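Before anything else, here's the structure in question.
By written order: A, B, C and D. Residues from 1 in each chain.
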Amino acid sequence: MDYQQILQDAMEAARPVLGHGRVADYIPALASVDPQAFGMALATIDGEFHGVGDHETPFSIQSVSKLFTLALALAEGGDGLWKRVGREPSGNPFNSLIQLETEHGIPRNPFINAGALVVTDVLHTLTGDASGAVRDFLRAEAGNPSIATDPEVAASESETGLRNAALANFIASFGNLVNPVETVLEHYYAHCALRASCRDLALAGGFLARHGLRADGSRLLTRSDAKRVNAVMLTCGTYDAAGDFAYRVGLPGKSGVGGAILAIIPAVGALCAWSPGLDTAGNSVGATVALDYFSTVTGCSVF
Amino acid sequence: MDYQQILQDAMEAARPVLGHGRVADYIPALASVDPQAFGMALATIDGEFHGVGDHETPFSIQSVSKLFTLALALAEGGDGLWKRVGREPSGNPFNSLIQLETEHGIPRNPFINAGALVVTDVLHTLTGDASGAVRDFLRAEAGNPSIATDPEVAASESETGLRNAALANFIASFGNLVNPVETVLEHYYAHCALRASCRDLALAGGFLARHGLRADGSRLLTRSDAKRVNAVMLTCGTYDAAGDFAYRVGLPGKSGVGGAILAIIPAVGALCAWSPGLDTAGNSVGATVALDYFSTVTGCSVF
Amino acid sequence: MDYQQILQDAMEAARPVLGHGRVADYIPALASVDPQAFGMALATIDGEFHGVGDHETPFSIQSVSKLFTLALALAEGGDGLWKRVGREPSGNPFNSLIQLETEHGIPRNPFINAGALVVTDVLHTLTGDASGAVRDFLRAEAGNPSIATDPEVAASESETGLRNAALANFIASFGNLVNPVETVLEHYYAHCALRASCRDLALAGGFLARHGLRADGSRLLTRSDAKRVNAVMLTCGTYDAAGDFAYRVGLPGKSGVGGAILAIIPAVGALCAWSPGLDTAGNSVGATVALDYFSTVTGCSVF
Amino acid sequence: MDYQQILQDAMEAARPVLGHGRVADYIPALASVDPQAFGMALATIDGEFHGVGDHETPFSIQSVSKLFTLALALAEGGDGLWKRVGREPSGNPFNSLIQLETEHGIPRNPFINAGALVVTDVLHTLTGDASGAVRDFLRAEAGNPSIATDPEVAASESETGLRNAALANFIASFGNLVNPVETVLEHYYAHCALRASCRDLALAGGFLARHGLRADGSRLLTRSDAKRVNAVMLTCGTYDAAGDFAYRVGLPGKSGVGGAILAIIPAVGALCAWSPGLDTAGNSVGATVALDYFSTVTGCSVF
């Protein structure tokens, strides 16, 4: 398939909606991004790479980091993780505290904020440096040593992150955090504030298309675990719109409020689209349109 | 692949858990089924058929009927359906009224009871006989004219179905039922009370593996809509355990409290397993184990 | 105290808000009432009677009937009632189904719709004619044999009462209705559709000011039970605004969407104000202002 | 009335349940209290004082402090308070975060933890020392300069108070705290950790029986505001059992997990009972029985 042309066409398909939606503006560093920006990149398991638009522009990866946190925590610590976090869709906004109360501090899945805090706690216990582990993994897979936490974003998140502080204290009140609340929040903010490009993320997501193998051929996850992470992405990866994303795009995907969506085409490659305008569920409007176009034209849906 | 042998092995894998879980006992006709029963059948898109155990024993298909109701309503009436029912996982039990209240009578998805009532209403308006349409479709696809509603089960459901009557009245109070509450309930109970076997359901589900083509080669759904129904199955088809089912089995599946789970292997075939004991989420314990085994051994996961 | 003058002044205090709020319009018979109407009546335990404005105009008493249903059920059947209905404020709208689900079919209190359905069921079992019992009690206390159910209102309520049908079926699904759903709904609608005036209700409420003694001096409730019904009125009698009503008026009160509020001044008398415009919680705007004025001027608060 | 004898009898009535229920044990300093302890005191508006049992033993007043915080915030700052906190019963446990989410950070009432945090914030802005203001008020009213915060309890509360930290951060995330989260929590813990006896609290609560006048005859609250605080106590003062407390005792009351309940008999006096064992709603078992006895025998119910 002429992926370069298809990416080009996907960008054209998204163009009419660029600037639509709402750029995340709860911290200045996110609000200042160009709402018209758009990038898209595909890295295949055969080593092909294609990119269009601003595919080399770094942005704040935000919740896309939760995917890597989960994968690393599973790789390092195994299935015990699932005793502390579920894998069911929540049916509620990503930062809701409601289910946490009725479900006794066990977050519904690793991709809502509550769940990602628990996974960060797990990874921190395993590695001693949760955010560093995520950063190093991205650097290695993307071959880009410049990937780093934006300190301004991390600081702003921390200052304005009252809801996340509420979540972390609440989870801790149920005994489901091992490290101090402040430590978990610090590492959570640090991995969310990592800056990377579509190119970087498409390369870094490749292990999920390769059924667990890293870029260098070493194994991060078992074949089975890699498939299972894809399953969690598909059912829970795009906030309370996971059903709609599965319906439209048909691929496992993980989104972030920075505007990125990283999608996996099992046995084919990893695909990242980025555009800052968000829909009401918190997913990028432009990235969704581009991914929808791509999966429709290529037939690359898992279904 | 030697599917016959794999089915045989899947049945052996499930054997230790047969009798586990709880047989649905809210009506006598369901409670009297043999808890040790087990059947499994695979119908491939190439016309192969394999079955093991009680694969020709008819049982009450219950919520598996919701899959066919949805497909027929989409085939007959198109996308307008999605204005009246969502496609997001609910994060709540299948018969919960809670979200319906906060979401103003729009059920979260077509596979919780509330959503299936709305889809039944849609199909009834389109066809004048919602349950008859489902029955006739099953008969045609399975080539089995004996498929029919069990009148005793339908009557029992109706007598004991206070929760469903509550749901239907509640939805109607928001203006989201067109036909009389009694009519919708009658047809809902009638299609849930259809009796069919693993063989029948595997054959009837084939259109979703064939991307929309019926057994006779005619088109029921567009390629795109067939994929999308699979997506809704994967995210919402097994009650509030859809995430876990996706994680373990990795296939779109629709379960019923009669003990059946119908799973789709896109471009390969449709697979139905049946065993009456249910887990706390309402999914068959034995069928889940057998499907998990099958997908692990064959690698037939969508991820 | 010159109660006649105070009632006159209370009416003047309410005049500026008459026509404010929203007249209940879910059935034609309620919607056609004059939004400017206002009446107020006080019947003291000494046999004094005072009335102003439209105090002899009959209106639909609606949920005020729930007070009499409760008192009669307690009088006939005693404390066993509290096993089937709670006495805590709900913190939710009067017709919510949410708590009913999490609290397994035990309504929070006798004055939300769910609770009143259960009390109606209890009273029906005790008397064989729940709505007739309420009607006969009102007639006797008010000395007004013309008090009767408005058949048009009862029929309209029944036709449009999908939410109440949902509630009744839902409660029944938990096993908390003894009589058939249809019977309970019929009697519920019949006592809500009773027509009476401010004068009638002030006289009928007197037993709660007389600590349980009826107009003829016979005892309906023990002294203790009469106080307890007042307590339930104060904490739960004005929907999800009971706290605000207690704060402003400081008297036990029971409101109805017909626009009436019946308030009890223990050891002094019963006071009924009526004006059709409702606030967002479902309580009469004009009646609340008039009662607030009355209690402020007379000092007749229980606190 | 021979109040001394009635108090003696009330203590006897409570004796069989002393030791019942569960002593608050979330911090060591509370857990170590004698579960058999019981005290009760009445201070009338005429200056009479009666006490029985351990009525001079100081204990941790816990949530009873919320009553004084509210009164002082109203006295200092007036009605503006009600824009930041409601006055409706919550229908949920005292430390629930659920309603806070759906009601956008406005706590339901000043006596649930969330509401008390907001009132503490208000009082701190008005006085510069919220907990000091409460302490000084208690000292002055009780004529007891030894009333002080137990530093060990305050420190323990702070260390274990993850749920309260969650609440405070959550409220702050909605913009409903003015002072820093840490400051509000510190003062909240400090006034909850005040130690006082039944005698002290009965004397300190007198202003609510005197319709706003302090012990020295000066006015703290207007007559109207004093009544209104009583109204909020009655509808919201005993957690999610306020309806039951009103039903049984019929007096405005404020309880704390230290085992105290302070009840107001308007125009008569203030009554405090204390016993450490708590029921499932968090109210003292022994104190409730004693207050129930007292109000039944004396007829001192507001209804």
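Rule of thumb we're sticking to: a residue touches a chain if its C-beta (ideal position, glycine included) is under 8 Å from a C-beta of that chain, and two chains touch if they have at least 3 such contacts.
Fair warning: this is a prediction, and the values are worked out from it, not measured in the lab.
A.B. asks: Through what angle, to the nearest 5 degrees, does chain C rotate to match chain D on its C-alpha atoms?
C.D. replies: Value: 180 degrees, nearest 5.
A.B. asks: Quick check for the class: compute each chain's Cα centroid; which one is farthest from the centroid of chain A?
C.D. replies: C
A.B. asks: Using CA atom averages as chain centres, what separation in Å is found between chain A and chain B?
C.D. replies: Here the centre of chain B sits 32 Å away from the centre of chain A.
A.B. asks: Can you work out the whole-Å distance between the CA centroids of chain B and chain D?
C.D. replies: 55
A.B. asks: Take the average of all CA coordinates in chain B, do the same for chain C, and state the distance between these two points in whole angstrom.
C.D. replies: 47
A.B. asks: Can you identify all of the chain pairs that touch?
C.D. replies: Contacting pairs: A-B, A-D, B-C, C-D.
A.B. asks: For chain B, which residues count as touching chain C in their complex?
C.D. replies: 96-98, 101-102, 162-163, 165-170, 172-173, 181
A.B. asks: In their shared complex, at which residues does chain C touch chain D?
C.D. replies: Listed in rising order, the residues of chain C that touch chain D are 86-92, 99, 108-109, 224, 226-228, 230-232, 234-236, 240-244, 246-248, 250, 252, 264, 266, 296, 301-303.
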